[in-house]
Structures are given as C-alpha cells and as structure tokens.
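This report concerns only the one structure given below.
The first chain written gets the first letter, and so on, giving A, B, C and D; residue counts start at 1 in each chain.
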Amino acid sequence: MSTANAAAGQSADRGTAQPPTPVSFPPKEIKKQCDGIVTRYPTRMAACLPVLHVAQKHYGGWISPEVEAGVAEYLGVSDSHIRGLLTFYAMFNSKPSGRHEVWVCRTLTCWLRGAVQLRSTALEKAGVEACGVESPDGKFLVKNMECLGLCEEAPAVFIDGQPHVNVTPEKLSELLDACE
Amino acid sequence: MTAKKKAAAKKASTKKASAKKAAAPAKVVRAADGSYPETRILSANFGVKDSWTLPVAKKNGAYKSLEKAIKTMTPAEVIDEVKTSRVRGRGGAGFPTGVKWGFVPTDTDKAKYLVLNADESEPGTFKDRFLMELDPHLVLEGCLLCAYATGLDVIYIYVRGEYPLSIARLEGAIEEAREAGLLGKDILGKKGFNVEAHVHPGAGAYICGEETGMLESLEGKRGHPRIKPPFPAVEGAFGCPTVINNVETLAHVPSIIEHGGAWFGDLGIAPDPDNPRAMGSAGTKLMGLSGDIKTPGCWEFEFGITVRELIEQYGGGALDGRTIKAVIPGGLSMPVLTADELDVPMGFDALVKVGSGLGTATAIVMDDACDMVEACENIAHFFADESCGQCTPCREGCHWMEKIFTRIKAGDGTPADLDLLEHLFVNIEGRTICALADAAVWPLRSILRKFRHEFLAKMPGHADPHAADAKASDAAAPVGAK
Amino acid sequence: MTVTVKPVRRRKASFLDRLYLPAIAKGLSITFMRMFKPKVTMQFPEERWTVRDEYRGMPVLVSDDEGRPKCVACSLCEFVCPPKAIFIVPDELEAGNNVERGPAVFDLNMLRCIYCGLCEEACPEEAIFMSKNYLVWGAEREDMIFHKDKLYELGGVREEGVKKWKDK
Amino acid sequence: MADVKTVFINGVEYPFDAGQTVIQVAHENGLDVPHYCYHPGLSIAGNCRICMVEVEGDAKPQVSCKLECAPPPWVSEPLRIQTESELAKSARAGTMEMLLVNHPLDCPICDQAGECHLQDYSYQLGQGQASSSTAKTKLPKNVAFGEKIVYDAERCIKCTLCVRFCEEVTETNELNLGGRGDEEIVIMSSKGEFETDYSMNIIDICPVGALTSRDFRFKSRLWFMDFADSVCTGCARGCNVITGGRNGSMMRMEPRHNADVNQWWMCDQGRLDYRYVNTPTRIATPRIKTADGVWAAATVDDAILAAAAALKAAGGNVLVDGGCTLEEMHLAQQLAAALGGKATYAAATGEADGFLRVAEQGANAAGAELLGLARATKAGAAAVLVVERDANVPQALRDGADAVVVFATDADHVPASAQVVFPFGSSAERDGLFVNTDGRVQVAQRNPGIGPDNLTPPYELLEEILGELDAGYDWHGRDGIVAAIQAQPAFAKISLPAAQATAEVGATS
C-alpha cells in the first residue's frame, strides 16, 4: 500500500512534477486478454474502456498515473485522453481505492428505502467523513453511486463488484465486518 | 450464485408462466374480476432452470425465428414485418423500430454496426437486466435478426458496468452461440451472413445511455452526445451506419418474426385513427415498480394496464399505514403523476396525454412519508452529477437547480426561488444537445407545480395560505401542465 | 428686452451720522460681545477640522481587514483619471497574497490630481478612496509623486467593502 | 430532394454554398450572431449554445453553427431564420446567464478583459443583476500548460476550441477534457509541455480569459495599447499579424486571418520573436563618431550630412538585412549605384516545420531577389550596412563589411568601423512592403506605440542621403518609391499596393 500511496502523492501536483514513467503495459498476466479486446474494434482508441476495466482490476482497483501512461502508450492515445476517461466514468478510480470498494446507491428509489442510513453506516465503518476518500487504514473506499439498477430490491449496495440487495444498516455492518 | 442472481431467479420463479412462447397467445382481455393478467412473451423463459444456457434456450425455441428469417425471408421482408408490428423503441423515446431500420443505407461500402443499448442507467429501471440475465439468447437472437434485416457486420452490446452478471451471461451466450455457428461466418449456412458480437462494458455514466453519447463511449471517448443530424443510421459508430436499439426492443423481434407483425400489432393499444401522432402502443412491455410499495418487481403486460392497477394488483399497494402520494411512471425522467392521476393506462400516447410519459415503463412510487423538496434535491443531484458537462445550459443549470433545492430544503428559500426555478426550466429545456437536461426539468417542474405547497411550507413566513386546502385535495391542486 | 433704469435716491447723512460716534459704539459693542463668545480660531496644525463625509481629499490606497493590499492593478483608475495623475505597472504576485495580481508600481502625481474622485468611482475593488486628508505637501516636485507604500500607509485598513478574493 | 439554394435570415434571402451552416452565411453577410465554441478553422462542436437562433415553425431554438442552411430533404421551402426574435434573444440571454453562474467575474485581473466575448455578449444580452446567490464552483486556477500558457478553469467555458485545435490542426492531442458536469476542466498531457510549436494559438482562439499568455501576463490592459496590422518577419512565410505595444515597448504579436498565407495561426517562435524590439540597448537617436573616437548624439540633419560626407569619401557596396522592406531595398540599390558599388542582402536559413514556418528566414528575401539583389553568402566590404536583427546579419558579416554608415536597431550590432549610426526601426515600427516565400506582396504598418519617439522612417533617411550625394536623385516619397519599383520589369506581373493601402490588400504574382 505504501508504494501505491507514494505514487498517488507523485500524481498530486502534476503541474510541476516530472511526468510519470509509464509502466510496461499490458503485463503478461493480462496481455492476451488486452490484445484480444483490441481486435474487437476498428480503432485502438475504442478499446479504452474495456482495457481500463481489465487494468483497474489487475492493479488493485485503481489506475495510477504510471498505469495511465502505460495504457495510453499501448492504445496509442494521449495520456490526457485516458485521464479524461478516468475522471468521466464513475467506476474508474484514479486514486487508491482501498482493499474493498463499497458502492452505496443514492438515487431516488434507494433513497426512498433508506440509502441515507446505509451511507452513514458505511462511512462510519470506514471511519471517513465523506464518500470517495480511502479509509485511513486502506481498507475501504465508499463511493456514492447513482442508480445501480437494482431498484426492485432497494436499497442496494455493491461490495467489490458484488451486488447486495434489500440491505439494512445492520446487514451492511455485518457485510463490512466480514471483509478482510 | 450471487445474491442478485438468486433474488432475480426467485422472483421470476414465483410467477406463473401463463403463456408459452411456442404458441401464439390469444388477445388478452381483462379478466372477469377486473384483474389484469400477465402476458408472458419476453418473460416466457424467466424462472426456467438455467434459462440462460444455449441448450435450455434452444429447447424453448431460441433461434427458431432466426432460422425462419434466414431460410424463408429476405431482409426487406424482415423489416416490413417489424414495420407491420408497429413495435416502438422500449428505451424511452418510443421511435418506431421498423422505420429506424429502414433508414440504414443499403448501398454503402462502409461497415455497418448494431449497438445494442444495454446501458440501463435510468433510475428505477431494471427490466433489461432481467432479459440479459435470464434470457440472453433471446436478446442475441433479436440482434441477429436485426443484423440480417439491415445487413450489418458487427454487434456491440453496450452493457452498463454496474451489471456484472448481465455482462457474464451475455458473454457466455455469445461464446455458446459462436460455437454453435450462430455467430461468425456464414451463420446457419447462409452464405455471406457474417456477424460478430462483442460485449462492451460501460463504466458508470448515465449519459452513455443516450444513443450518441453511447457511440462516443463505444469509440473510447468521453460520453459526450453528438448533435443530430447526422443521425446514427447514416453516420454512427466509427463514422459508419449504425443501428441503436434497446435490449427489450430487439428481444421482441424473434416473436414478431415467429408469429408475424400483425399478431404483435394486435396486442396492446391500437393507434388513434384521428390523431396521426398517437401511433399506439403495440405488443407487450416489461413493466416494473419500485419505491414505496409492498412488492416491487418486474412483470410483462400488454399495454393497457393502468398505473393504479399495476400498483395495486402487482405492487401490493402502499406500505402499511401509508398512502401513495406520487408516481413517476417511467424511470426518473418523466413528469410525476399525483395519486389522483393514476387511472391512466400504461402506454406511449395515453401518458403523454396526461402530461407525463411512458419512458421505460418502470414506475417509482413515493408515499406520504416522502418529502417532495428532498426528493427534488435528490433528483436534481442525480442529473447534476450525471450531466456530462458538454453544453452550457445543462452543465451549469442542473447544478444551479440542485443548489436552489438544497437551499429550500435548508429553510433558506423564498418564493422568489420558485420563480427562479421556473425561469431556469425555460432556459434549460430544449436548449441542449441531448435530452438529459429535458429529463432533469420534467420531473422537477411537475413536482414543483403539483406540490408547490410543500415548498412554500419550507419557507418561514411564506407558507401558502391555501396550503391546508391544497393538501386536502392534494393532487387536485391546480396543475399548470406544460 | 428693454432695459429700464430706476434711479435710487440716496438719503442725505444726518448730523448724527456725520458725528460717527454711534457707529463707533456699535462697532465696539460687536467686538466686546465677541470676547464672551467661544473662540473659533483653530491652532493648525495641532488642531484640525473634522471634514464632512462627502469631502474629497487626497486619494489613497487601502488594505482589507487582514491587512492585505486591495489594489489588483486593473488600471481602471489610470484609464479614467482626467489629468493622467496615476501611473501603474501591474505585476504577478506570489501565492498567499490576496489575489494573483497587484501593482509593482502605483504612482500618484499630486501635482496633477484634481480631486475629482473618478478613480474612487471607477475602482471595482474598492481599493482607492478619496480620503479626508487635505494636507498634501512636499519640498520637491518629486515629493509630490506619492508611491505605492506611502499611499497604502495613508489609506490604512478599511474593513467594509467588497472582499471578492477572500476565498479564492 | 428539393433544390433549395437560399436561406432567409431575418426576412432577407441569402444564397448559400452546399454544406454551409447558418452562422457562416450570417457572418459572411455581416450579421452579428454571437458565438464562443464556433471557429471557422475547426470542427463544429455546438456546445456553448450562445449562437441559438429561431427557425420559424420550430418551437425550439437551434444552434446556428451546426444548423445547415439546406433544409431537410422532405422540405422544399428555404429555411426561415430569425436571429433577433424574442425566442432567439431569450435563448441567448438564458445561456449567457448560465455561463456567468460560476464565472469568477475577475475581469479586473484578467488579461482577456477588453477582448473577451463574455464581456461583449453580457453587455449585449446580460442583465445587470445576478440571479444566483449561491457559492460558485471552485476549480483550479493558474495552472501551467507548458511554459507559455496559463490556464484558469474557473474562467473556462469548456468550449473545447483549444482541445479541438490540438486535435485537428496540430494533431498532437496534448489537451483533453477531464472531470464531469460543472467540474469539467481542460487537462494537459502529463508530459507538461506542448509538442507543437503552435500552442499559443489556443490563447487567441480562447473566447474568454481561461487561457492567457505567460509572456503577456499582466503586462498591460488592452485599452492602453496601440495596435497595427503588420507582417511577421520571423521567416519568409510572412504570417499576417497584429502588433500591440504601449509607451514604446512592443508587448505582443497575434496572428491575423489570411486564408492564403497563415489562415488563423502563427508559430510560437515567430510570436515570441518580438522581444528583440525591447532591448535596453535600442538606438533612439542618430550618432556620429567624433574625431577623438567618442560617440555623440546628433540631429537627424547633421547625421545625414555626416553620412553623405563619409560615403563620398569611402564609396562602395551596400549590405541590407533580408528583413528590410521592398522600399528600403530599392533605395539601397540606388545608393549602391551612386556609390559605385553593388547592393546585396543577408538572410539566415533555418528549419521548416512542415506547417507554416519555412527555412528561408529573410522575410523579404523573395523581394530582394525580384529587385535583383544578390544574396551575401560571406563577409565582404560594404560602406553602408542595414541591420535589423542579429539573426540575418551576424557579427562576422557586420565586422567584415567595414561599414562607415550603419542603420541598426541595437547598439550592440554596430561594428567598430561605423562613423555614423542611424536608429533603425524594428519590423513593427516601419511601413513597407514585403514579398513572402510564395511571391505574395504584403503590407506592414507602423505601430505608433512601439519604438523610440520621432523615429524617422529609414526610406526617408536613405532618400535624404542619396540627395546629398549629388548623384542626381530626386525626392520621391513613399508613393514615388513604390511607383519606381512597380516600373521595373520584374514587377510587371505584380501589382504593388499603394502606400496608403490597408494591410488587407495583397496581390499574388
């Protein structure tokens, strides 16, 4: 985790800092998968989203500036293009995401069924004030997400990409306690 | 098995299969006791064990329509059949699907694409997820029929990233279909019918459900919608002709081919011969309910069931001790209906007539415990958060509206704020590239007009003197509809 | 227009008038009455007038309640000044200042200033004010060109007014 | 498809070319339709929404930048557009209000003030009072986009002109959008520096003060400056520019549209090249070397007499800077003839960049060739030396000339041999004609705000000296000089603009 934090620190003031050294992308574990994705599209740029999904999963839930530059090189686009995508799409993280990513749906249906309490529970468990910040122990990243599409079983929470529905604050506590 | 999957399977299995896909269901009439039965065409296989695998799907008739189309029909005949069926887009806009297919040029050297809109990000909407998780082969068959009819080369299924199971099931179905010769070169032995299909995962942006935003996102860019024209049918993905359809729309196509467009057109609500704009609502529709009701869920009906019937017969009515206050009939972006306005049939034209819209036909129910000012803040926050930031009125206006609702909620509002909101609605609606800003204005404006007394009640010293009367008659409060 | 002339008849001086004694008495009585009224002579410069609110004295520059110079060197006063008494050279300020821009040079030529107050009127930052200071002097011509530091010293701190850079 | 070839704007029928949009036709016909994100040299984004107009019969206003004049295929009537109707005006006013909701309103410290479209249109369309009382969104300020450009995200209206410029014109893609919604900002590639040498054009096309020049930052308010239409003399392309200066200093140079030469652009190198004009060692008055070898300031008349006397004694060649005007070069030729020598020009050779910049650095080298001046390739004797800048006439050439009369901008460029020195204006301070690398004649105009006061135009000095040489040369004035050049056979097919002509006039050979 310490290396990841250092990397994040480097990226904080990008204006004056040296440009990040791109990682060699894709690493061999995901090379076949990434190369396969690229062949699906008529342009390399089109592979950005699926490749970033794969990369984010591979690199512990977030895309560091070095990975960002690596992906940009691999897909032949500017790294500002990749950063533009990372900051546009809610599912990508450009900061360390903690070992467990908790998404709490905040949109109308879940809100009607008690999403506000779920968010407070999650924030309390993580020990942070606001969403989108990694917890001090690096365990959780709570994100306030717009509609997750599980409205018929609201309120809904995703933990590490797994949906949990009809969640109560008590149930959420248990789920979060079960996380390592 | 994930919790979500389990829940979905359980829900589906509790429903009685009232119609098998194989036999053409008869025209449904309201039952003698006034109840409105389900008509299960799309959802015929929901609840069947392993319905998402190819062997099970084949047993239940998957790809028969494709075979029929390839062997006995020309592409033009397929388009004609879809036109005859009068099926309208199920993603919210309700554009006639056959007409859309007809726009695709036939005399072009460029590649042609189908982008299947499975970016079901509209809040309150979850119908496509059922189709993708429980019957991905039906979806794929619909795509292939579209590919055959319009002569296209590649299918991209743009699934929102928040649907991991849908992505897995669709990828599995594509894999199975490829092995069975249903994808790839010379499909089902038809020379020159070559189609590839790929799942493209979204990454959490509501705007990518807008068709041109989706194309940008598919091309690996930020999902900034494009100005139309040119329309995607002429210049879409990668600058090539592109068909964009909703999952549910294409899932209807196999049964249309199987039973004929006329059969499909007979279902639902017929067009109004006196009003050319009322194109009718043919066929069945997956309808959903969520929010403050006892049994939220997703069912398939012929168009015609009223909002109240849907809520009372299937949603189980209001929660104990509460009364329903307002219903947004189709996703978050439609104008709200008050409790008195619920006897309107679920249909494209009928809902427009009462100043709302069918949208995705998945209603969100709010009861008397819901504070409408806070609800507005929540809705405004959604649109502010999801505004892509491309064009000025939406980028600045949605946030501005949210700030005003926050102010009113905090008790710092004045009646002048309500006038300011009305002023903003005018300056936002219809002034932007895509319809996101319109979608933000519609529910907010309708709530503001229909529940104005709740807003005034938050303004110390400005409470509406007629608030008590207004509350008594609630929905009867004058509605300055559009 | 016709002009009409109306002759005024002058009264002839009487004997008493010609004696002048009543007039002398009257004059002396005023002098004596004054001796018992409060003094009006002011011991300038130890004593000074309090001037009215609308008085336009020498233009000065002011600082905000945190003591930060308010002028951002927008040069509108320089532009508007009818006798061209103001000369500004803008400069970029380091981070931590009120705002990123301020005057490197702000010279006010008091030999030229006509106290019209247009600079105060034009200032969007409420940084220049017509002070109540009417005491402007110098031994040399150069002394009459007031520089930035002197102007800020004369202006002091003014707590009210716009503070639009406060949270920037 | 119906064959419609006209469009009605505000009731007046205008013809259009295929593919033209309403804003193009409106602008061509002098109608003022406001715009931010539209630029004729870039693709159309349609995102600022300020150019909305009313299409009769349509309840929704439409953006005129993207609205084609050709009606849809099923319509056989020309479109009828209203740019000043209630709907159009209210739509634009509404957009204006939105644009200013989060704008910091920091015009007092913004370099764009005075040429800012936000100011212009809010003056036209805006209201005096802000409707929003809520706190404004905070975004990054004073962000460095490379060494030359400063970005302020709060002022930015996200029109994406800069992004599109880097994508479409330079194809280097350094800029992109980041964030979403009202936190959207322009971000730069992590390399932190532009690969292109054309980056500063984004400052010009930025319709607001979001992108400002590090070089020009806080130097002067626009309304104090003097501007003149001129030609960049950085290379032989001859990009059309506007020079800006105040109190004798040159402060900036911006490209001026010329569809045949530089379109809307110019390179950063040329743009920042002006700095030699402000050198502290500028020569402001003529100087004469006294008998004991000390320089003394002299009046123009005395210097002319001294120069003529010195030249009568010396005789010989004339060497001019390749950045001199056609008039100056012509007179140099006359002078050389009177002195019994030859006139040559000196110019450097640089590197072409494949876009605008060409290898030839002498701004008027083509003109010199037309006049028949030979190019000086190595140092040689010349009694008269004209040096505008070091680059064209390096020290070896200057010292090797052994010149007695020198025209120079910079005292450092005066060789030791000089007896009389005249102040020479930089390219921004002289009127004259230039022939660019394509043989196109262009006019440069003097900017009165730049350079020493009362600078005598060099062609007048040269004519006076010629007059004093008793070589039978009569005073012609600038019109006469141009006429004399025009009379030469080499200029038979080129029509030179009259001396008073505006800079827009230009002829191609």
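Just so it is clear, a residue touches a chain if its C-beta (ideal position, glycine included) is under 8 Å from a C-beta of that chain, and two chains touch if they have at least 3 such contacts.
The structure displayed is predicted, hence computed values, not measured ones.
Engineer: Shared touching chains for chain B and chain D?
Structural biologist: A
Engineer: Which two chains are joined by the greatest number of C-beta pairs in contact?
Structural biologist: Summing C-beta contacts for every pairing gives the maximum at A-B.
Engineer: Taking each chain's centre as the mean of its C-alpha atoms, give the chain farthest from chain C.
Structural biologist: Of all the other chains, the one whose centre lies farthest from chain C is B.
Engineer: For chain B versus chain C, what separation do you get between their C-alpha means, in angstrom?
Structural biologist: The answer is 73 Å.
Engineer: Can you compute the centre-to-centre distance for chain A and chain C, using the mean CA position of each chain? Integer Å is fine.
Structural biologist: 64
Engineer: Per the centroid of Cα atoms for each chain, what is the distance between chain A and chain D, given in Å?
Structural biologist: Each chain's C-alpha centroid was found; their separation is 48 Å.
Engineer: For chain C, write out the residues touching at least two other chains, lowest number first.
Structural biologist: Residues of chain C never touch two or more of the other chains.
Engineer: Multi-chain contacts only, two chains or more: what residues does chain D have there?
Structural biologist: If we look for residues of chain D contacting two or more partner chains, we find 177, 179-180.
Engineer: Can you list the residues of chain B that touch 2 or more other chains?
Structural biologist: In chain B, residues 205, 222, 385-386, 388 touch at least two other chains, as defined above.
Engineer: Throw together a list of every chain pair that touches.
Structural biologist: Those chain pairs satisfying the definition are A-B, A-D, B-D, C-D.
Engineer: So in the complex, which bits of chain B are touching chain D?
Structural biologist: Touching chain D: residues 205, 222, 224, 227, 229, 384-393, 395-400, 403-404, 407, 420, 423, 426-427, 430-433 of chain B.
Engineer: Tell me, which parts of chain D touch chain A in their complex?
Structural biologist: The contact residues of chain D facing chain A are 143-144, 173-180, 187-192.
Engineer: Within the complex, which stretch of chain B touches chain A?
Structural biologist: Touch residues, chain B against chain A: 2-4, 7, 11, 111, 120-126, 129, 160-165, 196, 198, 200-206, 217-223, 238, 288-292, 296-298, 328, 332, 362, 364, 366, 370, 375, 378-379, 381-382, 385-386, 388.
Engineer: Give every residue of chain C touching chain D within the complex, in rising order.
Structural biologist: 72-76, 78-79, 90-92, 99-101, 124-125, 164, 168
Engineer: Quick check: in the complex, which residue numbers of chain A touch chain D?
Structural biologist: 14-16, 19-20, 65, 68-69, 77-81, 83-84, 87-88
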